[in-house]
Each structure stands twice: as C-alpha cells, then as structure tokens.
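Worksheet for the structure shown next.
Which chain is which? They are A, B, C, D, E and F, in the order written, and residues in each are numbered from 1.
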C-alpha cells in the first residue's frame, strides 16, 4: 500500500524533529527546533523583576513573541516593522504560545523573574506554531536552569512539560499527523493540540476549513494529536537529558 | 438543591437571549443581540464587488470586524483608534467571527458581492464573541435577503446556520453553559464552541486557564456546547421567522 | 402652506428628541440620546484622580471622546482603529464636546476626580455633535450625582446646564432648526450653537458652505439656535427630573 | 489714558502686519506673513490634475496643511512626525484654512489643477491660524497668476479675497483686536473671524474660555473682527499691487 | 578658461554663506544659515535636566532633529507627520548632526542640561546636512552662552568648533566643493566632511554614486573638504564675533 | 609579545569568517554568514518586474532590508514591529547595504527584475553591517545565477564583487581590523569600508567616537580596511567556487 502523503510518511508519523540547544551565545536558553523543513529559532531571555502590574506579588511572569522572517515562506512577505503594525495572525500565535507555556509554570516558585520567549520562524513549512511551542518548552527549561544556578528560584517552577502538534483530515478523509505546508493548505479540518507530558490538554483549537466536522471526527483528531504529543515529549526529554 | 451559579441558572441553562432585528435604519441587515447583560450591535453592510485579489472569480466574500466601546466593561478601556493599533484580542476575535460565518457560505451563490459584519460590543458581561457570532448569522441572513430582493444572487448562499456558545468548568468541577463575566474569570477551563444548525462543528477552542483538562472533561464540555448551540439555533429561527 | 422640510417639520421645529438614562449597567452615568434617527450612546466614566499635570491642584477634570460606528452612516466607513489614526473631524468634535461641558464645570467643587464622556454615534442622520453635547450633559449630571453619593464632592460642580443644536439656511434662504442629514448636506450656511440653560453662549461655529453670509443672516441663525437650545434645556430637565 | 494692552496698542489696533511675497525660489506662490512676532511661511504648490475622486469633473481643488516648527513656541514641543500622529489642533486648523480659501474659489475656472497651501509657523505669538489664512490668500493669488501665465485657467478662479483675524474680551471686559499670545491665554472669550473682501462672513468661531458670553458681547466682537478684516484686506491688496 | 560649474564658481569655491543669528525670539540660540539658495533654520532649545538614562551622572546632553518643509524642494513632498513615520534619510541626517556636535562637547562642563538643535530646511538646494551642521554649531554656541549667563555651567563645554561641507567629482572628473542641487544629482562620487576648527576629522562619509573611487581620488576630496571647512570655520567665527 | 586584542588576534587579523550557501530552501539565494560570533542570515528574493516608478525602463532593481532579532544582543531589545516604527539605525544600515550592492550592478543586464536582500542578524557581536554586506554579495550572486538559469538576463549584471569590513583605533592608538563588540564599544574612531574586488572604494564612513582623528590616522585605517576587504573577497570567491 502506498502512502497518502507527499513525503511518504505514514498518516500517524511525525516529520523528523530536531532540537538543537544553545544555538545562541547570549540568551539564557535557546533552541533551534526543526519539524522537517520548518525551522524556528527560540531565545529565552531572563530578566529580574516583573511587569509593573505584578510587582510586589512574589510571582514571576512568562510571555512569548512569535514572528516570521520575510523570506521564511515560499514568496517574500513584507516586514511587520515596515508596515508599522503587527498582524492578527502574529498576535494570535504569540498569545497561544505564551498561554501554553504559562499553563505549566508555578509563578511562586519562579519568583519575581520574567522569561520572554522569542520564537522567530527562519523557515516555514507548516506547523510553525506547534514547532515553536515544542521548542520553547526546551528553551524555557534551560532558562529555568540558569535561574536555578543563580539561586534565584523558590522551588521548581515547571510543573510539567508541554508539546504541541497539528492534526487534520485530508480531502480523502484520512486523519494526518503533523501537516507540512501543502497538506495544511489542502486540509478539510485543521486542529492544533497542546498537551502536557502527563497527557492532559492545555489547548485544543479545531477549525473546519471545508466541511464542518462531526463529533466522531473530532475524536479521531484528538487521538492522533495525543499520540504525536507523547512522541514529542519523548524527544524533548532526550534533548534535555 | 441550590444553584451553583451567581444568577441562579441551572448549569446547562443559557442566559436570556434576545435578538432584535433591524435595529439600524441604514444597514442592509442589523441585529441587537443580548445574552443577558452582554449586548452586541451587529451591522451587515453589502457592497457590490469583492476585494481585488478575488475580482473576476465569480465568488463573493464575507468578513467581520469586532470591537468594544470603551465603557462596555466594568472599568473604561482606552480606544484602539487612539492607541493607534488594534490589539491582539480584537484581531483574534474578528478572525474567528469571519471564519465561522464563511463556513456556511456558498461563495458562488453569493456572486461577486461583499458582506461586512461589524460587531460592536455595547456592553460586555462574558461571551461577547459567541453572542457576536450568533447575532451576526441573523444579520447576515437579512443581508442575503436584501441581495435576493435585488436579484443579485446566483443561488442560495447560506448552506446552513451558525450559532456559538461558551462552556467551562467552575472551580468545583461543574460544567457550566454560557458563562457570564464572573464565571468566565473564575473558570478552570474555558471553551468556545461554534456549530452549524445541523449539529456539526465549525470551530472548537478550549483553553485550560487553571489545571489542564482530561479527554473525558473535554467530552463533557462538547456535550454541553452542543446542547447550547441547538437552543440558540432555535432562537435564531424564531427571530428570522 | 406646505413645509419646506423633507420630514414635514416647521422651520423652527426640533426633531423628536428622546433621552434614555441608564442605558448601560456599568457606567456611572449613561444616556442613549436620539434626535430623530440620529442616535448617540453616551457613557460617563468616573475615576478618582486627575491627569498627572493636574495632580495636587485640588481641581477635577472633564474630557470627551467622540466616535462613529462604521455603519452609523448610509455607506460603511473604515474604522479609525484599523486605519491606525484618528481623523481630523473626530478630533475636532471630541475637542468641541469637551470644551462645551467644561464651560459649566466648577473644577474645585468636583475635587480631584476625572469624568470621561464617551460619545459613540450608533446611527447618524445629521447633528451628531449637537446630540452628543446635549446627551453628554445628562450623563455628566448622573456621574456627578454618583460622586455626590460617595461624598466625593466639595460643592456643586455644575454651574449651569448645556445644550446644543445646529441651524442653517437652505438653498431658498429659509433658516432651519436642527438639520437632518439631507438638509445638512444641502445647506448654504451651517452653524452649531452651544448654550447654557441661562441663555448665554458657550460656542458659536458658523461656516459658509456656499455663498458667504451677511451679519443679518448670522443674526437670524443665532435667534433660531437660542430657541432650539431653550427647548432642549427643557427636555434635559424633564429627563433628569 | 493708558492702553489696556501689553504692547501699548489701542484695543482696535492690529499688530504690525508684513507680507513678503516670493520668499521661496521653488514654490509657485510663497509668502512670509508676520502679525507682530507671529511669523508664518506659506508655500503654494501647483500640480496638474486633481485627487482621484474629482478626476474628470473639470473642477479644480484647493487644500491646506498647517504645522508648527518645534521651537516656534516659548518652550519646545515634540514633532508630530516623531510622535507618529497629527494632533487634533493641527488637524482642526488645517481644515479651517482649507475651508476658508475654498469659499472664494471658482473650481470650474481653476480647471483640473490642484493648489496645496503649506502654512508652517516659524514663530508663534498668538493668531497663527488667522495670519496663515491672511497670508495664504496672497500665496494663492500668486499661484493663480502662475497658472494664468501657463494659459491653464478657464476664467477667473478667485471670486473674492479672504482675510482673518482674532478678537476677544480681556478680563476687564474690553474687546481687543488681534490678540498676541499673552492676551490670548488670558482672554475670557476668543473668536476667530474669517471674512471676504466684500465684508461677508466665511467662518465665525467663538468660544467662551471663561464666563459664557451674551448676544450683545457677540455683536461687539463681530464689529471689531469686521474692522480688522477690512484693514487686512487693504494690506493684502497693497502687497499684491 | 570658463568655469566647469553651473553658477560660475571656481571648483574650490564655496557658495555665498550667510549666518544670521537670533532669527527667532523665543529660542535660546537660533540661526538662519544660507549656503546659496539652501536655507536652514536652526533653533537651539535649552532645558534643565537630561534624559532619564543619564540623570544623576553630572553630564549634559546634546541632540539634533532634522526635517524639511514640504515645499523646500523643487516639487512638493508629503509631510512625515501625515505619513505617520519618519523616513530613513531624515533619521540618518538627524543622527549625523547630533554626533557631529557631540564630538566637541565636554558633557561635564555642560552640567546636567540638555540642548536640542532643531534644523528645519526651509529651502533645499543641495548640502542641507552640511549647512545644518555648520549653522547648528553657531546656535549651540549661543545656547551655551545663555547657560553661562545663568551660571549653569561647570567649565567650558565647547572643546572646539565644527563645520561641514560636501565635496564630489563631476562626470568630467573635476573635484568640486560645496555642491548645489544639480551638481549633487550628477556627481560620480559624493562626500560629506565634518571637521573641527583645529583641522581634525569628526566624520567622513564618501559614497560612489557612479564608478567606485580610488584611494588617490579619496585624497583629493579630503583636501578640498579640509579647505572648505577651514573657510566655514572663519565665517562662523566672524558671525560669533 | 602579547596580542592587544581580547580574543588574541593580531591587529590586522579578521575573525574566522564562514559563509554557508543555500541555508534556506525557498529563497533564490541564501547565505548564513558568520564573522566570529556575529551571525547574519541573508535571503535573496527574486521577483519579476520592478517598482512602479521604474516600470518600462528596461532596468532592474536591487534593494536591502536589515533587521535584528530581539535577542541577537547581550540584552533583549524590543521588536520594531511591536514599537510600530523602524528605528534610525535600522534605516541607516538598510540603506547602506542597498547602496553598496547597487554599486556593482548593471541594471540593464539585470532586466526588469527585482532582487530584495533580507539581512536578519541572528546574533550580534560587532560588525553586523559589514558581515551583512559581505554575505549579501554571495546571496546576490546566487540569485543572479537563478535568473541566468531562467534565461531572464540580458548580460552579466555583476560588474564586480563587494565586501565590507570595520576598522578602528583602540584607546592605545593601535589600528584594529574587524572589531568585535567590546572593541567596537571602546574604539576611539570607528570606520566602515566597503570595497570592490578590484580594490576601489564604494563607501567610506569614519566617525570619531572619542578624539577627532587626523589625516594620517585616516590613512592607516584605509590601509587596514583595504587589506581586510581583499581577504574577504578571497573568501567570497572560495564560497562561490
């Protein structure tokens, strides 16, 4: 039987995932994460103190910013700095990444420290937001170790780990894991699943791009997403070992 | 047994929903939609022609913009026009509303006409995006009738209807339907469900605000959301009758 | 003799004016004011304290912001938040409303409190700025009562009341009171008159749209404007009774 | 009897007014206009053609932009280019200047040509907008002559001339003509009067800065403004002779 | 032998340079500087205190802003305030002027005072940045005298003087001093030289507009620039005498 | 004798320079260029056609954009997209890169094609603009080959090659080649030299950061810069071989 996928993968197979730690020299944590040809550089920056509205609370803060280089994509896009405004898609993904990581952070253990995760897409081939979340967890873990080395923590700030993957149905109704660009563009339904290492859900976002989907189809996608996140969790652990 | 809810509703009960059509004199479709104290004014504006990238395709276009008046909320917020930029949350919700409505539109039947749905929140008490989607469908239906009256359609552009509702777990683990502001702020998990009148899903967005949720809990929320959307579909049909 | 006006009014007759107080649940004062089909929602927001440049002076502050929903008008306009800049007309009217209300405020009696008046035009049919001023006075009075209830005042902050109306000449040279949209577009001369309840002038702005006007014509418009403001003052008093 | 004015003028006396034509080498019309220490550089730029919405109408267009150099004032202000937005006051005055000049222009005689009047305040000492209008008329007249020289006109585009002056009451209730900065800051009422050479009104804008004013006081200011505009008309004619 | 230059100058001859001090009444130092038809108004504004990042250091600060009026040039340009962003060329020249003046300032002697130099080009005919630097030094010297008069200095803040001039090769390979607009547009190589009164270099910026230049040609331009700066230094001294 | 440099290099020694071609899959030319720890990703994007003002001329166009990732530097900087404006330094460097490359391009041979060079600094350790120019030439050469492969060229568009390096004096008066961050921050004089492979100058920018420099010192820096550019030209040729 032949594969239903462009690159010959099984429907339930991830692309080759590579996580290179310490790709940068200055950042307190940094990762080049690759899901096939999708390549995201994540830098974790630690600063002492928290935003003004949180000062004196004893609690830390974690936030994220996502962006794409102009030629990450097949054709060049204009820079948001030149357009003078951040687009809706950029905003939406930055918020998703921040939310996903904050879900496993114990702010009290972090103390009044801030960690910013900059996720810059160097090359895009589908799944940039899920690669960013998966890589950002590793950079966050390194930044937390940096703070631990300084004796700046009040406990263990990471309650669990976080990974994310995209899933969707192709036009023939086959559920696919970790869609690359062409698959993503042609998908009937597209879902991003963000999960903890313990197998619980942090975020589920499913969208019908074509025909609306049934409860049963939703179930199939969640099964596949859970499988993918479990595998990504394993890869993260190896990278951090 | 007493209600677990501030306003005495049953866990699976919607707030009082009111849909007032033709609230404006100029717009081709307009609705004041109220989910309890949440009050959204939706105006559907019809223009002949489509954006440049779609011209000559024979296909129509539907888009949406969401915004909040500065004093819709408990304390006043600054206007985005004065800040000079549209915030991430505004962008995200505008995109969600547009996507949700487009899922039931047959662009070919619509012909090269554009319908813009302006959803302005006059008062916010939780669930503004779901109220906006629910009301916008009714305004869209009226705008489509307006085009039908002009003989400008090439078939029936509405393949189905659309309604949306929020669901979530409170701190005691009870699943609640249609969260008002205080419930929303305190929810452990928060989910927005957008469904067709036929009972299929257009969009599912679930977020763990506190503890991540299990597959079983996700199922409970989907059940409750389906129930709420079915009831909203009934109310929309009455309003359009 | 037939009326020279589209809607059958006498030249010196206002449109039907309705002032609905407490249209919003959160705002300290709020009014839906209608001059015929022109409909403006005014929210008065009270905050303790004043802008930095006024802190420690013992004086209060009152300011206003005017805006129009995109489909308030016959054809849809782009949002200023999306354009990223506030237009000249919006700025000009916001400044006029603020100035008009400040003219009757005793800042010392107000104490170091700020009242912001948000005037959002839900539907426009001419005279939106004069309707906004007339409604804003009522919302301001309610916000002042709210502060009085808190014991936060150092006297009576409202020295007088304020109302505003537009007047103009039509092409036949008849002076008209309270111009609706079509009359306004066709007027030779257009004047906005803002007056106190005592019959003195706060602001007079007259512009020749066609032929420049004579001193005598200016006099006729002032007569008509004074008459209209006196009637609006009466309606405001009834609403506040 | 001593003068009630800082600089010893009679209440009904203009400051020394100087109009220097052709202050710039490139512009089709240019004027350095001085009302005492207030100094405004006006450049009239002619371009063939009109904005897109007017193309093919056979009608011309005239518009104006007003701005202040950062150190025109007693203390330095930030540049609007650096703040990234044009302030409300700048917008308001630009619109007033444009409206005032357009009131005497016959667009058909102008043909499809555009004249932009840039009014840049080099030094401000009160009355910048009235000096700008008065000087802009002269620059406009020179730009019209330039077009006449090209044979590009279809008649006489200037139906009349335009001048403007400020008037106001000081704290002692004396009506003053052409207020300089300190007088303007201390005025109870402030009015700008824009008139044609024929003595009719183009624009009247009166504002109560302190106590609201009576109909009789309004009359006194109009008398004084008419007197000042007549004198400015005479000075403009001399400059153009 | 005839001159190779449009205006008949010798290759090594400056245009007529005029420096008019105290052109403004409010500014602590001000200069109208003219290099032929290039005309720049420089205002030096003194404020007590320094930017926050420098507070408490005992050191002063000097900065500059450059801008062009819309009709300084042969054809009108749009205002940067209206475009809502400052262009690259404006930024680049503002930074050059600030750097050039700071090179001769002793911050400790200046004390915690800030001097802002606003350089507004009223008319442009080539060499606006070098005229601005040359004039700004004189305005700076006057602002320093103003501070000396207040007893606010801790020594002599000006370690040297600064002048600047442009040089370049025309198409025939002749090196020219102080290029006017047409010469500048046609130059093969264009260089700006900023020098102290003592004959040392503060900034050298040479750009090949056509054919890249040799080390020997670079030497010729530096010779010519040194000559021009020495002459400008003499003119500055006369103006300040 | 010990080295005067932090990293033990000789004064006239470049850092280790690495040029990795085809680092990206989508771009028509791409290079990861490293000068020691300075790491710049350059993408060359080819589009058919030229900007509107050049259409129909038969000439091509080359332009560049420079930007830094937020954590390229020792401490994190805010994104320009979020600040909503591009800073002066960014503008200045983008313009320098574009100018430098255009100096060796034959527009007629390029035909009506546009090449945009995006230079994104992934890590900064001094000399980012010179690394960007040096790498951009290689990416440009690859993009030109891509066009040649399409048969889209009308000759050889590259008249020469381009390389750039920084030079400067340290506090002890030693001239250094290719300054890394700490050397750059401490330099008395800082110069960027952009040269062709033939040894002529495209751009020379020297700035006195401390004491102004003499003609003789300028000569020393030019000698060292010429040496460095020759070595970089050799490295570029190897990379392209």
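Throughout what follows, a residue touches a chain if its C-beta (ideal position, glycine included) is under 8 Å from a C-beta of that chain, and two chains touch if they have at least 3 such contacts.
Labels paired with UniProt names: A, B, C, D, E, F = Ribonuclease PH.
Bear in mind the structure is a predicted one, so any value in this text is a computation, not a measurement.
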Every chain in contact with both chain A (Ribonuclease PH) and chain C (Ribonuclease PH) is listed here as B
Euclidean distance of C-alpha centroids - chain C (Ribonuclease PH) vs chain E (Ribonuclease PH), Å
51
So the centre of each chain is just the mean of its C-alpha atoms; given that, what is the distance between chain C (Ribonuclease PH) and chain D (Ribonuclease PH) in Å?
28
Can you give the whole-Å distance between the Cα centres of chain A (Ribonuclease PH) and chain D (Ribonuclease PH)?
59
Centre-to-centre distance between chain C (Ribonuclease PH) and chain B (Ribonuclease PH) (centres being mean Cα positions), rounded to whole Å
33
Residues of chain D (Ribonuclease PH) that touch two or more other chains: which are they?
84-86
Could you list the chains in ring order, beginning with chain A (Ribonuclease PH) and heading to chain F (Ribonuclease PH) next?
A, F, E, D, C, B
Touching residues on chain B (Ribonuclease PH), where the partner in the complex is chain C (Ribonuclease PH):
24-27, 30, 37, 41, 43, 45, 47, 65, 67, 69-76, 79-82, 84-86, 90, 116, 118, 120, 122-123, 125
In the complex with chain A (Ribonuclease PH), residue positions of chain B (Ribonuclease PH) that touch it
85-89, 91-92, 94-95, 99, 103, 160, 195-196, 198, 200-208, 211-215, 218, 222, 226
